[in-house]
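Working notes, structure below.
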Amino acid sequence: MNPGDPIAAIAIASILFVIGLLGVMVRRNLLFMLISVEIMLNAAALAFIAAGARWHAADGQVMFLMIIAYAAAEAAVGLAIVLRMHAAGRGTLDADTGNRLKG
Amino acid sequence: MMFALPALVALPFFGGLAAWLSDLRGPARTPWLVSLVTLALQALLLVDLSATTFGPGWRAHFAAPWVSMLGIDIRFDMDGVSLVLLWLNLLIAIPTVLLCTRHVRDRPGLYQFLLLATIAGVNGVFLSTDMFLFFCFWELMLLPLFGVLLIWGHADRARVTLKFFLFTQGSGLLMLLSILALAVINAHDTGVLTFNYFVLAQVAGHSFLAPTIMLGFLIAFAVKMPMLPFHVWQPDTYAESPTAASVLLAGILSKTGAYGMIRFVAQMFPSATAQIAPLMIALGVIGILYCAWLAVAQDDVKRVIAYSSISHLGYIVLGVFSGTRVGTEGAVIQMVAHGLSTGALFIIAGFVEERTGTRDMRRLGGLWPAMPQFSAFAMFFTAASLGLPGIGNFVGEFMTLLGAWQISHVATFLAAFGAVLSSVYALTMMKRIFYGPAVIEGSQPLGAPSTPHLAVLGVATVLLLVLGFYPQPVLDLSTPGSLHPQSLSLAEEPAR
Amino acid sequence: MAALLPLIILCPLAVAVILLLSRGTMPARATCGLVGVGMGLCALFGVIEAVTFLNGPDSTGALHVVLWHWIHVGGFDTSFALTLDRLSLVMMLVVSCIGFLILVYACSYMRDDPDIARFFVYMNLFVASMLLLVLSSDMIAVYFGWEGVGVCSYLLIGFWYHETPNANAARKAFVVTRIGDALFLVALLLLATGVGSLDFNAVIQAAPHAPHAAITLATLLLLGGAVAKSAQLPLQTWLPDAMAGPTPVSALIHAATMVTAGVYLIARLHAVFLLTPGVMLLCAVIGFVTILFAAGSALVQTDIKRVLAYSTMSQLGYMYMALGCGAWQGAMFHLVTHAFFKALLFMAAGSIILRVHHEQDIFKMGGLRQEMPGVFWAFIAGSAALAGLPLITAGYFSKEMILTSAYNVAPLFWLGGILGAFLTSIYIFRCVFITFWGEARTHAHGRTGIVQAVPLAILGVLAIIGGWMEVPDSLGSVHIFSNLLSPVLGELPEEHGGAVLLLIGSIVPLIGVSLAWMLWKPTGRAPEALDQPLVRVLRADWGFDALYDVVFVRPYLALGRLNRNDFIDRLYDLLASVTQFFGRAFGLMQTGQVRRYAAWIAVGTVLALCLAV
Amino acid sequence: MMSFSFLPNAVLVLCVGALVQMLGVAIGRNVARDAVIGLLVLVASLVAVSMPTVLYMAGSVALFAPDVWASYSAVLIILSAIAIHIMSWRNAVVSDATVGSEYYLLLTLATLGGVSMTGAVHDVSFFLGLETLSLPLLGLIAFRNGRIDAGEAAMKYIVLSGVASAMLLFGFALTYLETGSLRFIAPNTGDMPEPLLATMGTVLVLSGMFFKLSAVPFHLWLADVLEGTSIPVAALVAVLSKIALFAAMVRYFASVNLYMSGPATNEVIAVAILSMVGGNLLALVQTDLRRMLAGSSIAHIGYLLVAFLSPGPLSFASSAFYLAAYSVSTLGIFALMAGIMPQGTDIRDWHGMFRRRPMAAAAMSIMLLSLAGIPPAVGFFAKFYIAAAGMAGGRLGLLLILVMSSVIGLYYYLRVIRIMLMPAPVERPEREVTSPWFGNGALIAVLACVTLLFGVFPGTLVDLGRNLIVMPSPPPGSSGQP
């Protein structure tokens, strides 16, 4: 795969993205949901890398770093919230059961 | 005289405010007195206006910038029609205030304020010639009534009030769109963004969108009047609202719709109006007959009056859309006469309800010996509502029919037969309430009628008789001021 | 004497207003005095006005008094104007003088009624509007009077409000006549738009130049209005019920004046009607049918007032037949004589009813000849005039006049008229014999006061001699009446075969009377009202009432009930509930499950992509 | 091409303030002190907005645009932050002093995020702002101690917003792939190597933004979050973040011709229609005041999109006006709820409020009327202004839908007023009403007065909005190629 042609990389990124999205949609475990979100973010990061490669510019890498940072932060907050809910008395990690907020 | 017109709007509002504040401390009757004084001042103002302004066309003018960036001004103009309707508004307002002491126990001050605020809004509607301002008043005048209905209304008020509000406000939004369309078209043509009625009227005539734009206005006014098929909010609202509100609604608020039809439909879109006239006349005739038919079937006095009121407003539609001068002037006469007679009927119905404790005609009957004077008045106003010659309503009906006859013979024939149906329900109502063996129910004994009631009804009687036998003075007033630029000497641009 | 003309109307009006403002506080005696004075002045002014007019410079022309402009818009201009020509003069005299007599009579008739003030308010209003009707020269003012008398008749029929039947009768009367009024109104619209004015002369002048269809329509509509007012077929059902009112009311409104307003209107516009022979034929036919119809129905009535009501109907039929045949003078003449004897009959009947405890069934009366001789003779006089006994009664001459001209138009009409006369003599004398002969079946109390007796006497005399002002050529021709009216109504046409017709016309009533004597002559046992189905149908207005009830009234009310809360309203409710439903359905998206939410986001994005690509 | 980058004062002040607050928390907890500091920081930033820029950074990339639009939105954001700050005090959220301090820190950070988004002209700065807004928001949503609802709301929000951010970033990536620049601006997809990818990028970015704006069909989280979290935070979600996002979105599409039906335009139109109808329908059937407000805010986003879709002289002015009107009224309602009845969020709890708290009920009615768009409240003029813009833009169909859906809107707003006017049904126990603390009361009064005054004299605000007609400057050198 020649670096000039990012389409293949974009294709991979898209596949990753869709996998992540499907993961959010099918998994019921909160943690897996968060992981799927991470996958989507990383797909985006990969796409940036590919794009940066196309233009021979550093912007792509910059965005990559920022996305990593953001992903980390979000994971941290997410886990904190999960723990908090556990402490507040929600025993399960199943996102479908025990929803109190609905239309 | 410069500030007479804005004063007409501001005076009732602030008078009402004063009445409200005076209610916070001080004896219970003060708000009542305050608002009476306010109305007296308004009467003086109107007398002054009628005396000092002359001639056909536009008699008085006021203009000041408001939101200058969007070309919105505070702009009032008064022609004969406005003057007549302002007087009618005052005449309807006085009894509502005068007679309210009896059935408003709690927070009379607030009640007075809301009534007067409504009256102020109606004055604004009759005067404003800036479309945006007109729309503001159009929406504003309902707000206080909303409160009156909700606080002092009868049992089913909650549902009914929302219905009333949805119909009127929703249709109002359509009118807003039409106003904007006019303004935008004008801005496209001339590059000036303005809501000046006279300027926009020039545009409205020759825009290819005119029929569509007119529909927006038309629907709004048709809902407010109301006319078929938008009438369904009205019987419920009239039935559930306190007497004063019924009187206001039937007496004057329905006239705002008719006024709008004359000023903002027939005058602004002559050609489009001519196009749609057959449909409207058909609807008017159907309304006359259909509602007369429904009125026979009702048991609630107020509902009978409500349906009869819709049925009579059909004549106004006929007159306006006949496109003839006699029709239009007849419509104005009909507005005045209908306002007085229907208001009086509602006062009587309210009195009967207050004394017998019911509006259900199945539980009423034989009231004539119990309240002879009121029966006599009821007889008179019933006769008025079935269009007896010699009473104002006949003048209106005759002239509107005269106008409509030149458009469609068949429709006019049917409308004239509405007189037969109206006699059916009117006399049935008389019979069910006042004739027959006396079955007086209800807690209170039927005491002697209060003098204010008799006075009000008497005045209404005299006015209707005068209108019926000598309508010419009102007719001379009731030609709408023309829109041609040369006639707008009074309506020049405000100083920016 | 133009100044007097408005006064004639103002007198009764003023009395009415005074009584109204007195709010029934005035004692009965004072009320009667006031009414007597007011109506007396009215009648006096009427007579003075008539005399001065006839001796005036242009006694053949008309006297105009323009009061004020009513409406003046664009090309349309109407005004309140009174006019006095010989036609309206006759009507004015009838209304004011007979009205005076009847009101005087009513003073004693209503003496004991607590509501006498209200009664006289209505009565005076009625007289005022009737005078307006006959005197005004503008059709809009005529319409004012037209509706005014209508509403007064409504009020007076329902005068005793505590009985529901009265209220129903009153409503029926008003609504049925209102149909005619609506037709009249449309005719006014037609003329107003066509002519631009509603002045009688203007209309009459414009008529010949107007398109024939329009004129036909106008006359047709006017005829409709007149028919409803005069209780002719097919709008006759209200008149018998209208007898629910006090008897003076029946005498004044439903015999002498209001019901004849239509006749007056057509006579007034005869020039227009002459242009439309078809409509005139229709008018004649209506009269012809009504004569027989009403006479047949009167033949079997048991209520004395209903007998008189149906006889009024059939007599009016004569007038309409006359109008249809172009015998304007005849119609007017019969109108006048009929006013005499029918008012007389009603008042006599009223005196009877008053004295037999408000009993109106003739089969419960009887042998009243000795009890109340005065009333008896008055009633005899009236009946004779009604039956048209030859030479000695007013009814004879007027009826003969009509029959002769009817014969000249179509012998069939004449035949019907003769048959009608035959029936008339039978039913009225049936009534006489049953009521006054035989043994007493009820006890009459009190005695007829002088106040009642005087009007009875005057009218009795008029009913006898009133006819001699118009005697056909065959028996020493006197033509006072027709000469009086000829300036307005045109010359009397030349008649043929007068003598023979007169002979037949004189014999027939006599046969009728004798037949009645044979049938109902006093026997040992009390006569019974025969009660076969046919008779019952006849008695019930030939079933017209029931027919209208089934065809019009019931469906109208029933359907109204069915739709009482307005199906259109239901439609809007439907709309509201549909919106609510959509709201709920949309709320179902909020399952609360994150995965579903994410799925929606994905769906949205995919859809957006599809939209974009 | 030598361009300079500059840092808005507000951003600077807020950063420093945040640091100060962190220090405060580190030194020792004192809720009152931290609250005062937070307020001071916000006020200071408000002052700083109007100051001339102090800090320039040499560099080749412009991160923030110095234009009126940015500072107007910044002012709106900071003002609403102040309002939220006031209404949170003495509230259930910060009742226990142990954790109260971070609340204000997070509030400051969220404000910082919002402010920096409004000025962002570069993907990086926008993304930073967005996340600086969202992450503290998460903390705030979950802030209610021991409330499972709060946790659940935060959980939903974090998952979904993660998804949305990912979409946003992927879209940015695709755009970058096509244009080669990270300028925060929608590419015109005509002259691209692969227009399809560019289109996908735009659509993904739009979807991400719509999620944050909670436009149908990306709206589902809003109702749950508003219901789950505390009232002031709900106000934050419903007002502050939306202002920021809308401002950014306007800038993003500043250079796209929205008359032509491009891919972006079609999606925006569809979403606008769905939001107007859907939001109102959603609010129609709710019994919980907060959920109703969620629906109404969705609908208002739809109205805003109508103005957004009809470019022209009035577009930006009207949407600016509308943002202000919407924020004032919504904040007012939330302030009332926080002050009068923190617990009673069921509409039926407000029965007979006109008798129990006349003034509060009156203020509430004013706010509701303003949202319903009935004179004399400011919302009426705002709606009129939007309709004017739409009419000028020739969006007649959208306007008809706007009218019909706002009839539905009338129903549920007025239903609340009606309930406040009617006496309570006897079988339902009246929930006790607290009286707001002085600051909150003052806040409510001010907001009510503003609603009325701007409704009667909209002229001043309109004139203020006039210079916004200068559309937000697209970033320098937005041709796309570096």
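For this structure, a couple of remarks:
Order of writing sets the labels: A, B, C and D. Residues in every chain begin at 1.
FYI, a residue touches a chain if its C-beta (ideal position, glycine included) is under 8 Å from a C-beta of that chain, and two chains touch if they have at least 3 such contacts.
Treat the numbers as computed from the prediction; the structure is a model and nothing was measured.
Contact with chain A and chain B alike is made by C, D. Here the chain at the heart of the shown protein, by mean C-alpha position, is B. Between the interfaces A-C and C-D, more contacting C-beta pairs are found at C-D. Centre-to-centre separation between chain A and chain C, using Cα means, comes to 96 Å. In whole angstrom, the spacing between the mean C-alpha positions of chain C and chain D is 79. Taking each chain's centre as the mean of its C-alpha atoms, chain B lies 43 Å from chain D. Between the Cα centres of chain B and chain C there is a gap of 39 Å. Residue numbers of chain B whose C-beta contacts span two or more other chains: none are found. Shared contact sites, meaning residues of chain D that touch two or more other chains, fall at 155-156, 159, 163, 167, 223-224, 282, 286.
For chain C, the set of residues that touch two or more other chains comprises 587, 589-590, 592, 594, 598. Applying the touch definition to all chain combinations yields A-C, A-D, B-C, B-D, C-D. Every residue of chain D that touches chain A in the complex is listed here, in rising order: 123-124, 127-128, 131, 135, 138-139, 142, 146-149, 151-156, 158-159, 162-163, 165-167, 169-170, 172-174, 176-177, 180-182, 194, 197, 223-224, 227-228, 282, 286, 291, 482. The residues of chain C lying in touch with chain B in their complex are 20, 23-24, 68-74, 76, 80, 140, 143-144, 146-148, 151, 154-155, 158, 161-164, 166-168, 170-171, 174-175, 178-179, 181-182, 185-186, 188-190, 192-193, 556-557, 559-561, 563-564, 566, 568-569, 572. Residue ranges on chain C touching chain A, taken from their complex, read 587-595, 598-599, 602.
Here chain D touches chain B in the complex through residues 369, 374-376, 380, 384-385, 387-388, 391-392, 396, 399-400, 403, 406-407, 410-411, 414-415, 418, 421-422, 458-459, 462-463, 466, going by the rule given at the top.
Across the complex, chain D meets chain C through its residues 155-156, 159-160, 163-164, 167, 196, 199-200, 202-204, 206-207, 210-211, 217-218, 220-221, 223-224, 263-264, 266-267, 270, 278, 281-282, 284-286, 408.
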